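Paired with chain B in one complex and with chain C in the other, chain A is shared by the two complexes that follow.
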Partner chain A sequence: MSDEPEPEPEAELELTAPLVPFFVVTGGRSLPPAHEYERTTLVSAKRDAAAEARTLSPEAREVMRLVADGFLSVAEVAGHTGLPLGVVRILLAELADEDLVLARKPIPPAERPDKELLHAVLDGLKTRFGA
Partner chain B sequence: MYLDPNVTTAVKILVVGHFGVGKTTCIGSISEIEPLRTEEEITEASVNYDDLSGTPDKTTTTVAMDFGRLTLSDQVVLYLFGTPGQERFKEMWEDLTRGALGALVLVDPERLDESFAVLDLVERFGLTYTVGVNRFQGTTDYPLEEVREALALSDETPVVPCDVRDEKAAAQALITLVNHLLSLLS
Partner chain C sequence: MNQDVLVWCLVAVAVIAVAAVAVLSIRSRAVEAKKQHNEAVLTARLGEAEGRLRDVSAELHRRQAEQQVTIRAAEEAAEDSTKAVLKGAARFLQSLAAEQMVLLEEVQRKYGGHPVLADLMEVNHANAQMARRAHGIAVMCGAPLGRRTKAASVYDVVRNAQGQIRNFRRVQIMQQTGFALKASAVSPVAHAVAELLDNAASFSQQDAPIEVTFQRVQKNLCIVIDDAGVGMNDEDRQNATALLSGTVQPRLSELGTQPKFGFPVVGRIAAQYGFRVDVTGVSRYGGVRAVVLLPEELWTEEEITAPATQAQAQAPRMSAVRDTDDTYELPRGRDRTVSGLPKRGARQRRDTAAPVREAGAPPARPAAVERNSGRSLGALQRGTLSGRNLDSTPSEGPEDS
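This part shows the complex of A and B:
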């Protein structure tokens, strides 16, 4: 059995194991609903949140520090902290419950994208890349 | 690092393709930030041959995905998510496709057969897409119509050359996609 060849890992899909169990980081809370704190939800710390942030877990504090001075997407918070997306979503839901962060939701999914929005995207791409 | 404080609308486009097709390079070519990586857990059924109970084990795997950002106006920011095209990631696809404008499907003309699974997922999730044909050094220019035929794409689906290392080519592929989305509205 043991001399069977291991399946080759795909280099692009890094398989990693956490050092601290994530249920510790998240205090055992479960994931918010799928449409809350999505990858493209924009989050920022509330202006007066710094003092209260001192009592938070190290990971939640790190998230608070990261978004202290402006908006970032949830995906960027995960990218910069190195925490798994699910953990970041749970921490943000917790921070929002405690009134420490603001969230701007992405446009709700529609059957068809909005024409005005598509034009804004098109114009933005053309302006940026001189196309 | 931070977004313009006036940005209120975040949109996303998926950059989809098989392993090694150039998704991350493409995102890196046009992103205004150094591409970032998210790690997320997916559960998948694993086949355990020693298990006599007949119930497949569920195992948790961490998948790393790269993404980039592009501020397009005072109010609109675009996120580009590199999305692996394997069937086993379809749980993640549900989240990624929700609210996505569409997809840029990258294909390698030398490995077109590997793109069928990707296209199958894109169509199953109802994403509007454009096919970008990445050109690797040393490969001959591949006639786009042959790619269309080999992949059995509809006449309406745009197929564009897309050297993923070239900012302008990658941007042009996105512009083609957005024009295609607009054409479907009228």
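This part shows the complex of A and C:
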């Protein structure tokens, strides 16, 4: 009866999840408001940020390194670090709080043709030439 | 004649007296003899009774001893069977929790840009705590901890431990080190540190910090955990030391209804994997200083970059393209991301075009001096462009060069 579970214990459980979960990377901070650090927001390190960056977590330092030489979009930072976008946004908000990075609103989208106008034209064409 | 009568009377009285004395003495002698006889009989009986009593009490002791042995055997059998049952259950929970950790990681990546990420991270935190409990129970029942197959920096191991306790925000890791733990030590050390952090958190005030520092002392690497709690008295210290050294291994039934797994589990793990844990020190805040002492067999000095392991999971195909050709030729490490992608900084994209790299010359260096003006503007523009390309799919390594 006591021998029953014996054959199994040798099969050691392998832990494959990443060692450092995301909530530790972000320090448990919450996501910044939706309109801050959007995908296309541009971020850059401040000029004199290098010295203070030394005490940061490896992930935050990696973000600092990426944005050290110029502006990079939030989505790109996420792509390069391999971290989920939300995690990067939290890191960036934290770095901005510590006055290490600068965020710039995305350049407003280039003049896109007015959708309504296009619809109106389409409708006009349809009525004129049939479907 | 009167005198004669008197004399005769006196004689008679004397005779009577003598006779009475004689009779009395005979009587008393008889009584004495009887008494002695009775006493002898009583003493004999008493001796007999005492002997019987002695036999009975000896029998009693023997029975008691027998009973103790039986009870102990029964307890051990009960302990063993409880352990077997609990072990099976704990192992089940262990593997479920591990599975869930992987699943949650995937879901968090999938919904990385969605507000639900915040909740997913909460769930992940709860799951990490549950996993620690499951591992703890498993270890108490003699099952192994889950193992990891990759070496990791001590810093990350402590961060992993941090994630396993409720108030993880209170934990401050004060420094980063170039020390890495060997793969086999990652999981046990993380678990031990997690238990110590949990202990530190539960015996100090809600907002008090818990500081983690690293020290190298001769051939040992120390993970030092300082709390600002109430400290321990001498008895607590002795108990803790006994538990942590693994010399005292309490039974499951001795752990109480709100079982204190912490120190017994740490003691077992430490003994099993060959490190030491000490909690007798006093922290700089007057609380407890816990030290995990890792002998040199368990760690190395090589540095393991944390984000690399994570980035690889996400972007294997990006690094595959890059790593094959020119990763190692690049003289400036900062031009690359950890996954081998060229980093997008100012002007780098054009300056580090393929021909330059083949020559192995430091790319973008000479140009860097002249281009200060207009640098940010160009970067801004390119950043925007590339950012938009990247918008939906984060993989853009191959398109570049």
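As a convention for this text, the second predicted complex is superposed on the first by the 87 of 131 C-alpha atoms of A that agree within 3 Å, B and C clash if a C-alpha of one lies under 4 Å from a C-alpha of the other, contacts with A are read in each partner's own complex, and residues count from 1 in each chain.
Just so we're on the same page, a residue touches a chain if its C-beta (ideal position, glycine included) is under 8 Å from a C-beta of that chain, and two chains touch if they have at least 3 such contacts.
What you see is a predicted model; the values in this text were computed from it and never measured.
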**Message:** I'd like to know which partner A:24 touches here: chain B for first, chain C for second, both or neither.
**Reply:** second
Exercise. Give one of first, second, both or neither to describe whether A:85 is in contact with chain B, with chain C, with both, or with none.
Key: both
Which holds for A:118: it touches chain B only (first), chain C only (second), both, or neither?
first
- Does the superposition put A:126 against chain B (first), chain C (second), both, or neither? first
Interface residues of chain A shared by chain B and chain C, listed 12-17, 34, 39-40, 42, 69-73, 75-76, 78-80, 82-86, 104, 106-107
Contacts from chain C onto chain A in the complex sit at residues 80-81, 84, 87-88, 91, 94-95, 98, 101-102, 104-105, 108-109, 111-115, 117-118, 121-122, 124-125, 128, 142-150, 152, 155-157, 159-160, 162-163, 168-169, 176, 186-187, 190, 305-307, 309-315, 334, 337-339, 341, 343-346, 348, 375-376, 379-380, 383-384, 386-388, 390-391, 394-396
Within their complex, chain B touches chain A through residues 1-3, 5, 7-12, 19-20, 30, 33, 36-41, 61-64, 67, 69-73, 75-79, 81, 84, 94-96, 98-99, 101-102, 167-168, 171-172, 174-175, 178-179, 181-182, 184-185
Chain A residues touching chain C in their complex are 1-2, 4-5, 8-9, 12-28, 30-31, 34, 39-40, 42, 44, 58-59, 62, 65-66, 68-76, 78-87, 104, 106-107
The answer for chain A against chain B in the complex is residues 10-17, 34-35, 38-42, 69-73, 75-76, 78-80, 82-86, 104, 106-109, 112-113, 115, 117-131
